[in-house]
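This is the structure I have questions about; it appears just below.
Just so it is clear, A, B, C, D, E and F label the chains in written order, and each chain counts residues from 1 on its own.
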Amino acid sequence: MKRKLWGSLTSWELSCIIDKNPVLVLPVGSFEQHGAHLPVDTDTHIGNELALQAVEKATYPCLLLPPLWMGIAEHHMYFSGTITISYNTLYNLLKDITRSYVRHGGSKLLLLNSHGGNVAPLKTAVNEIHAELDLEIVLVTYWDLVSHKVMQLRKSPLGGISHACELETSLKLYLRPEDVRKELTEPHVVPGNHYLSPEMFSSNKITVPMSFEELSSKGHIGDPTKACSEFGKAVFEEAVKELSRIINLFGEGKLW
Amino acid sequence: MKRKLWGSLTSWELSCIIDKNPVLVLPVGSFEQHGAHLPVDTDTHIGNELALQAVEKATYPCLLLPPLWMGIAEHHMYFSGTITISYNTLYNLLKDITRSYVRHGGSKLLLLNSHGGNVAPLKTAVNEIHAELDLEIVLVTYWDLVSHKVMQLRKSPLGGISHACELETSLKLYLRPEDVRKELTEPHVVPGNHYLSPEMFSSNKITVPMSFEELSSKGHIGDPTKACSEFGKAVFEEAVKELSRIINLFGEGKLW
Amino acid sequence: MKRKLWGSLTSWELSCIIDKNPVLVLPVGSFEQHGAHLPVDTDTHIGNELALQAVEKATYPCLLLPPLWMGIAEHHMYFSGTITISYNTLYNLLKDITRSYVRHGGSKLLLLNSHGGNVAPLKTAVNEIHAELDLEIVLVTYWDLVSHKVMQLRKSPLGGISHACELETSLKLYLRPEDVRKELTEPHVVPGNHYLSPEMFSSNKITVPMSFEELSSKGHIGDPTKACSEFGKAVFEEAVKELSRIINLFGEGKLW
Amino acid sequence: MKRKLWGSLTSWELSCIIDKNPVLVLPVGSFEQHGAHLPVDTDTHIGNELALQAVEKATYPCLLLPPLWMGIAEHHMYFSGTITISYNTLYNLLKDITRSYVRHGGSKLLLLNSHGGNVAPLKTAVNEIHAELDLEIVLVTYWDLVSHKVMQLRKSPLGGISHACELETSLKLYLRPEDVRKELTEPHVVPGNHYLSPEMFSSNKITVPMSFEELSSKGHIGDPTKACSEFGKAVFEEAVKELSRIINLFGEGKLW
Amino acid sequence: MKRKLWGSLTSWELSCIIDKNPVLVLPVGSFEQHGAHLPVDTDTHIGNELALQAVEKATYPCLLLPPLWMGIAEHHMYFSGTITISYNTLYNLLKDITRSYVRHGGSKLLLLNSHGGNVAPLKTAVNEIHAELDLEIVLVTYWDLVSHKVMQLRKSPLGGISHACELETSLKLYLRPEDVRKELTEPHVVPGNHYLSPEMFSSNKITVPMSFEELSSKGHIGDPTKACSEFGKAVFEEAVKELSRIINLFGEGKLW
Amino acid sequence: MKRKLWGSLTSWELSCIIDKNPVLVLPVGSFEQHGAHLPVDTDTHIGNELALQAVEKATYPCLLLPPLWMGIAEHHMYFSGTITISYNTLYNLLKDITRSYVRHGGSKLLLLNSHGGNVAPLKTAVNEIHAELDLEIVLVTYWDLVSHKVMQLRKSPLGGISHACELETSLKLYLRPEDVRKELTEPHVVPGNHYLSPEMFSSNKITVPMSFEELSSKGHIGDPTKACSEFGKAVFEEAVKELSRIINLFGEGKLW
């Protein structure tokens, strides 16, 4: 596995792998409040674990960078412990890292996102970076890969999966159960309407910038009391399978 | 109607309306290639017409600015006539306009988007602007308001609505038929796969920055030969109804 | 006429015209207070009408973009309804639009300015853009084309033409008389001195940044009560004649 | 005199003078080619000498900073020795210096410009800085103060005064004759037309960004062979008189 | 120990610790070539290990963020695997993180640097951030803490410690020996002169920007063949002792 | 000597010298408080005098620009008369000047710094500029050239030389004695500790951003009462000797 971790390789070793036209995976997470029961590194932790296992499983040559542990989380800043960076900081950080990779000969980059606040900014950024640097980019937000599995297995109805919710809590219970302050979980479902809903797997007709404290005094939305390790395991393994498949297809030029 | 057009009012008249806490509507469009059969102002034209009629229909006090006729369209630049601006240009333009409005006392802004390339950048921008300026913002992309109606009435199967397609051509046939070079319409359906599809009403599992010429040598994707004025009329009227309703709900504080 | 409007043409049609090395005309206006009697779109409206007629009259191939309806108007911000953008926003907007044009093969750009606050910023910007992009640029502020005619025909002495004044009110009376709240016109002449005068056709020895409310409680300077449609017509037609002549000379390489 | 030079004073001495609400004078020049016969510091030298004498003559408390010796001179870059900075560099430099002054309590700034390429950028910059910082600013370009005197005394007809011309060469002959390579002076008059002329005291109807080598193979425009020390002296003394008067009026709040 | 890792804590737990006015430690490293024998994460790894142990040992309340694993390494870009970011990217990243901390009430930040190319940029950045945000900052580059110990124990003469050298190789042999490709170590001493030397513990009279390949074809400078785990241990433990002492003194307000 | 001053030469003369591949010297100073007894231009004055004499003495072809008289001095802003610019302003100013030089064919630049607050920013800037523009750069801070001489001849123990101290006051007594308000000199030694000391010739283990008023109510640190012209002369002449030697070695490609 170490042979796929960028940081653990020497310059010469990396040069040999980059010659094989690998897929470089860069996880982008966040440090932001996750209610009373989950630590602030939840998004970064989930994304990184997923990247590690998918990279290990992938058969096409690939490399993994450490996660960007900070993301765009202004809407969580009311709650202590949240770190947020601006769009331009994120964009320039991504562009500088990508440009370094391209200068060494790299041409395939996969960004693995694990934070809701990063979705639109990363789409914006990859389009700009693609226009400026000569490489192929694929952007994945992990829950888009597992919607079918989630809808199949979730215990909570719509509204139960949003933030520090049934899904994220289940993933943590599977990946590192000691991180979950189980005694502090409680349901906090915010009902949506025709236009707008915080549920992760509903689509919204409009976008309304909002701060999280307007929706939740504790910081979480959804029903973490429905979380269980089994659900976390099923979803995580599905995500690993899908992501490693995407790496292989991307590498082989068969993704689109 | 003129009493709702920002530009046709005097400073004092605007001051009186802004005192009523109106909803300010700003259409954001694009000038970009629309295949062989539609003019490059298609997105801007559709968005502006929609805004005009919705503002007229709305009962809550509102004001309308002229559209930003340029948007983010780098992926169309292979084709002549496309104008593109960078994210930062768009963001700063929106921020400066919004800040002017806020300095005059305004507190409700509705951005009406009519261009695919603007979706993620506008989401990114409104979140940043909301954090910097003290006002409420609602962002709407018009086709999100009419997905149900479109799926009900479209003639083409999935794949037929993407760009300069059955939907956009129908809207133009309804709004300004002389703009459609009908003899030049032809189908160009790009099949999607499990992860990715250009169809406007499919959701994608991944994002891949691509230039349009990779997908279409003429510039359009979908089936404009299925377009008809009646479909355009039905969709447009539904969009007007929904948008004016959103203006009213937003104004009355009942949108969420 | 439509064949000269960028927005109403298809990509392929634009490509054919750009092959003829046309002059692209881009009006730059402003939305800013114009006293009690004129709407805030006065500058943008005048500039756009002038561009439309000059482009129509010109014999050299040319294309017209919609106006940038917002300009630099910080000095009017005391009065409601004024929209202002920063220099860098204006510069980047112009640069992005110009770069798009150059990428499609364009090489001649004419900016038509109709707002006092844009004069120095546009001069600054065209010099920077000319150094960065490979094209010829001509910048025109419309009243510089008609100074002789204005001085011949004006009824007010020096001091009467400055802002929402005899000139602008006359142009509006000619172009769209229903826009003029005639009953609200009143003279407000601000006398200049040896160094400084707000009169549009006096030259100043010094520049002093000032906010308009320091000079006028209603927002206008000059004498709109002297305005008449005939004066507006004479000046407007002179401007159209001069501007179309400049387009032709510019196109034919005979302007300098 | 030293008591008016910012740099030669101690912090405490400056504090005492700033308490008197002085006028701070900052010359802005350029290092740019001046043909075969004048050194590249011509603009900076003239502006600085003028500032020194005007400050000495002024009776209202004032302070003088050393000149910004670099300006915006892209249009001279074809010729060796020209230094040019971008608008944003100039703007930020001016803003940082001005902000430092304002933080120490200063509220009156006079920029003395002596370079054609700086005129529009400085107008643009002072309007932006005035909107951001709480102080009064006056911008003077020295030749605007002496147009009457120049037109009275010049030997060359229109066309003779533009760049490294009768005027600048005369000023140098008066201020530092050893700087003039007299044997290398020759006339190079560029005739203008109805719209455009390089003559310093003609007004132009249009602006066309141009590089100097398009107009002059040696770099100068005008007729330096007509230059003489007496003309330089008369113009310089007039400029000193006017500038010191402006300082006094500005200080006393009587300039406008 | 987990109680000191920012990421493993919940929002509420962090809020409680920040109430105690803790020292926040942020390691700043680099991913850059380290010759043939060390992996590219060497700097980040050393800095992070040091931070972990110092934070554990410190008695004053403190918190640790994950390292910024990327730094300023343009001078290593000739060698594959190096990632470099610009000064502004680093500055904005630090400012955004710091501002988030300050908004939650934090007031003491310790940056722990472990990369030579970051030294001047971090000094520049902390001075700017200190002027903009209301907090105390201490910047430490680890080898400045152990110069005495290094000079006492090193086996190589001056010249032996520079990059991927006796010191860094020894630290890696102590911290994670499997990372060292021992068979690939070889001496590469670059002799300095009166003005300039690459030796880490010599002071230079001048600064000359240089790319590493000008000095070393393999990428390392110094003598890694002299490295041993004991030297690494001694230096590392000294650094932990000093750094934990600095955290305590900083926290107690006794550092200066 | 004049033949080495950029500003006093014509474009053609500069072109001839630049053809010889000269060393261009650009002094970077500061206008900042120097206690009660020294003027605010102290740094700029010392650096400029040093540059003038070194350039005169150097035998390799060289050119001298006027000093940048403003630097980074935020930490002195509590005291009146200090001018400070941001890092980005300084960086862009240097880059624009350097780029102009490179466009004329220049390839060797020596920055002579004379201000403590500029040290890290200039190191940061020259590394960035070196990566962007194709030229060699040497950065010198003058006191680094004379440490040996200073330690030999100083009268004050460690602590006596920091800011407006024995060294700077002695240099001023030698270069322009009338600038020293001798009656206002008094000692103000700030003792350092194991980690940190304001003494110019001590090395610090840590960096702590601090405002000068925290350390000195009058603005100076050190012992200016120990200053004498002889010490100033000895140090200055040593600096001239070293700097001219560096110019020659740099020019001849023998500096490293």
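Here is the rule we use: a contact is a pair of C-beta atoms (placed from the backbone, for glycine too) under 8 Å apart; a residue touches a chain by one contact, two chains touch by 3 or more.
Keep in mind the model is a prediction, meaning the values are calculated, not measured.
Participant: Can you tell me the least number of steps between chain C and chain F, where a step is a move to a chain it touches?
Facilitator: Step count on the best path from chain C to chain F: 2.
Participant: Common contacts of chain C and chain D?
Facilitator: Of all the chains present, none is in contact with both chain C and chain D.
Participant: For the chain pairs D-F and A-B, which is connected through the larger number of C-beta pairs in contact?
Facilitator: D-F
Participant: Please name the chain that ends up farthest from chain F once chain centres are defined by their CA atoms averaged.
Facilitator: Chain B.
Participant: Where the CA atoms of chain E average out and where those of chain F average out, how many Å apart are those spots?
Facilitator: 29
Participant: Return the distance between the CA-based centres of chain A and chain C, expressed in whole Å.
Facilitator: Centres of chain A and chain C (C-alpha means) sit 50 Å apart.
Participant: Would you give the residues of chain C that are in contact with at least 2 other chains, written as numbers and ranges?
Facilitator: Correct list: 86, 88.
Participant: Considering only which chains touch which, how would you classify the arrangement: line, ring, star, complete or other?
Facilitator: Drawn as a graph, the chains make one closed cycle, so a ring.
Participant: In what order do you meet the chains if you trace the ring from chain B in the direction of chain C?
Facilitator: The ring, traversed starting at chain B in the chain C direction, is B, C, D, F, E, A.
Participant: Give every residue of chain C touching chain B within the complex, in rising order.
Facilitator: 6-15, 18, 31, 33-41, 44-45, 65-66, 69-70, 77, 79-86, 88-89, 92-93, 96-97, 100-101, 103-105, 179, 181, 219
Participant: Spell out the residues on chain B that touch chain A in their complex, using ranges where they run on.
Facilitator: 72, 74-75, 86-88, 91, 117, 119-124, 126-131, 136-140, 144-145, 193, 195-196, 203-210, 242, 246, 255-256
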